[in-house]
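Everything below concerns the one structure shown next.
Chains here go by letter, A, B and C, matching the order in which they are written, and residues are numbered from 1 within each.
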Amino acid sequence: MSHDDGTEYVLDIQGVSKRYGATTALDDVSLRIIPGEFLTLLGPSGSGKTTLLRLIIGFDTPTSGRILLNGDDISLLPPGERGIGMVFQNYALFPHMTVAQNIAYGLRLRKWPRRRRDERVDEMLQLMRLGDYGGRAITALSGGQQQRVALARALAYDPKILIMDEPLGALDRELRLQMEEEIRRIHRDLGTTFIYVTHDQQEALALSDRIAIMRGGDIVGVGSPEELFYRPRSAFVARFFANSNVLPAEVLSTDGASARVTVGGSEVDCAVHGSLESAQRALAVRRRILARKKVTPSLRVEGEVAETLLFGDEREVVVRTEQFGRVTALMEARTTTDIAVGQRIELFAPAGELVLVEDDRGES
Amino acid sequence: MTATTRRTRLFDRLTRVAGAVVLVLILGFLLLPPLFVGVLSFANQEHFGFPPQEWGFRQYIEIGDSPAWGRAVLYSIGLAVPVAVLSVLIVVPAVLAIERSKLPGRRGIQAAGMSSLIIPIVAYAVAMYGVYAEVGLLGSYLGLVLANTILAIPFVLVTAGAALSQIPPDLELAAMTFGASRFRAWWQITLPLLLPAIFAGSLLAFVTSFDEAVFINFLGGAGQVTLPKAIFDSVRIGVDPVITAISTIFMVATSALMYLVARLRRR
Amino acid sequence: MAPLLVALVALVGYPLIKLGYDSLTLGDGIGNYVTAVSGTAAQRSFLVTIGSSALVTAIAVIVGFWLSWYLVTTTKAWLRNLLWVSILVPFWLGTIVKNYAFVLLFARNGVINGLLVALGLEPVGLLYTPTAVVFGITYSLIPFATLAMYAVVSTINPSLVIAARGMGASRFGAMRQIALPLATPGFVASGSLVFALSIGFYITPVLLGGAQSPFVASVISANVLQYFNYPVACAQSVLLLLMAFVVIGAAYALVGRDRLVKALA
């Protein structure tokens, strides 16, 4: 999609803030969304992701800043005039209408002629693999089926963007995995821009092209799942997104791409991604890179096993160390059967996998 | 088993039996009076006495012979219908504001709406008497409609409020994403879903007005004889057995209405 | 919200304010209150009303707890249905029908005396006594008491009592030490509600207490409708209202508005 005014973004959020009285729900947030991408807003509750969503869809207007849709300022437009579709947390299907009537609701308001409307409803039912469910009552559907109807309803009038607000929260695990696949397929088939809101990093990892991580009314990291997972910039992202260990570190020297740091008394080389603004630094150590096999150069972690938890193929080992406090490692379960609570253990994290990040843990 | 545990067990069993006995007495106290009325309505007697000597439909035939009862019923219905409509018209917009808006004091207004339920009714009746005497509504039809409406409001408030709090606000927001205005979203989505509860509330309002017996004594005029007023005046004088039959019909009718209300509220 | 606000102001707020104003400005002014409570008949009417209402409150609240406790704990569907029916029957029976039912029971030639005579006993004068009035009002208010109590009792986890018994408490002890303390807000909310409603009862004192019944409600109605002594009726009404406000206000302070509103709903 290209535009005359030179923007290549379907949605351009420019310095948007939202204040409710004295509290700031959203603080100068900027985010650009590329046509056709699957972007996830990920953050714990209270991080501002719901506020941002409400501003994008139009249930609220920003206190300052603006939101452009294909180059047009939509900040103050009512939701119905924005051409953005939305799937609600609990689907918000109209219980007094049939499946087909629900899907056709937006088309009816847009005054589509009846024949075209019926065709479109059929098309959506096919796309969602709902076959001949058109005449059913909403209350007669399972959770997964309701989810599909909600998707069909939101997509029926071909919105420029589809927003999904924690759509899988109400489903049980197995169905959730199935729906994740389904959502990926629909996104591929339609090529519509998706904005997905969730607090679950597994979901974000599995679904997204890009993820914006939110915290305290601000976006603290944007990038592909790989970037955020393997090359985080901040301690918060490393911990929230990858459950990494974050160890306070001091920089001795740096050449831009790598740095030499002291951490817990030992010196080690590590990777640096991008510029690091704040003075406070920390070393992000992913749980999975810690192993008992000695490698050099590496960070050595030594301590007493405090707890082990079997996750299936992997086992989480919590180590109490004198140097770093608690450190958790995630190891191949079959290689850890001999690890017992209380024993001493020595682990190594290869220096090439260590990432220097901003230590923003003190902020809230 | 030690002696103490045996004693505890015996004590427990006694407690349990005592609890059940009291429960049976309570249930009897609650259910027997209306049952007596129903059974005794089939006693063929001119003056009330117990036990009756003869059974039959005499009391029911008596109602048909006296046009005054029919007139009283019609007058009561004539009051209760506008009360039902008016209380719904007053309460439904208020319930929307209470449940859907963030207006300050909305919970206070909700509590105030319930107040007519807890004001000692005789004091309230005197207060209304004073106002009606001042504005010339004593003995007027309009005055009774307004007075009964204020008594009916709490019932509509509770019924409609409970139902509305069960309808997710997201439904209206969803409709708005498809281009519906706020009013249209409310009209096409929330109102249809609220309708059963509104109807249930209006039935409760109807029954409340139909049953009203205190205000009518203070605010009603000579010609204004509702069914409760007619029964009240009759019972004050003596025990006319025909009232067993009227009461029985009254009970059956309200039971049917209440059953309907329960069905509507369950939807 | 506007129509409701208008209705509440015009038909609740204004009448009550006017009542207070009239009680102080018409007739003998403050003297209305002196008249309202002087004389043995007036004093007796207040004493009888307060005493009867206290008795009604005690009975209704205990019955309310009893019924709610069985409602919450029983596993038998038929019993639960029966309990609900029993609570709702007096609620929707119709004011007049309820009271008429008690007239039938208590009348000189009524059901109870009929049974007494059949058993070879002497008939007793029940109708037109304060006892009859207490029975009648209690009957009408048990549903209110029970619903208010149920709002609290239904939040008590019955397994707490089972746990207490598991730790060695007797059935009675578990109820007294666990269930009753947890139900205290229910007793407060439901008791204040029942008392406030009870002192204002009009139909029951007149029909079951007789024309000369020594209840404030009958005195007030006679003042308004027979003696046209509206100012004194106002003063007496204000006294009733004050009693209700004090009791409800105390409950409000003790358990909070939400519990009270919930007790009503």
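In the analysis below, contacts are C-beta pairs under 8 Å (C-beta built on N, C-alpha and C of every residue); 3 or more make two chains touch, one makes a residue touch a chain.
For clarity, every value in this text was computed on a predicted model and none was experimentally measured.
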Central subunit by CA centre of mass proxy:
B
Does A-B or B-C have the larger number of C-beta pairs in contact?
B-C
Roughly how far is chain A from chain C, centre to centre by C-alpha average, rounded to an integer in Å?
58
Computed distance of Cα centres, chain B from chain A, in Å
54
Suppose each chain is reduced to the average of its Cα coordinates; what separation in Å results between chain B and chain C?
16
Within their complex, chain A touches chain B through residues 57-59, 78-81, 84-86, 88-90, 92, 94-96, 105-106, 109-110, 154, 157
Quick one: in the complex, what on chain C touches chain B?
1-5, 7-8, 11-12, 14-16, 18-19, 22, 63, 66-67, 70, 82-83, 85-90, 92-105, 107, 109-111, 113-115, 118, 139, 142, 170-172, 175, 193, 196-197, 199-203, 206-207, 211, 216-217, 220-221, 224-225, 230, 233-234, 237-238, 240-241, 243-244, 248, 257, 260-261, 264-265
Show me the residue ranges of chain B that touch chain A in the complex, using the header's touch definition.
168, 170-171, 173-181, 189, 192-193
Using the touch definition from the top, list the residues of chain B that touch chain C in their complex.
8, 11-12, 15-16, 19, 22-23, 26-27, 29-31, 33-34, 36-37, 40, 47-51, 89-91, 93-94, 97-98, 103, 106-107, 109-131, 133-134, 146-147, 149-150, 153-154, 158, 161-162, 207, 211-214, 217-218, 227-228, 231-232, 235-236, 239, 243-244, 247, 250-251, 254-255, 258
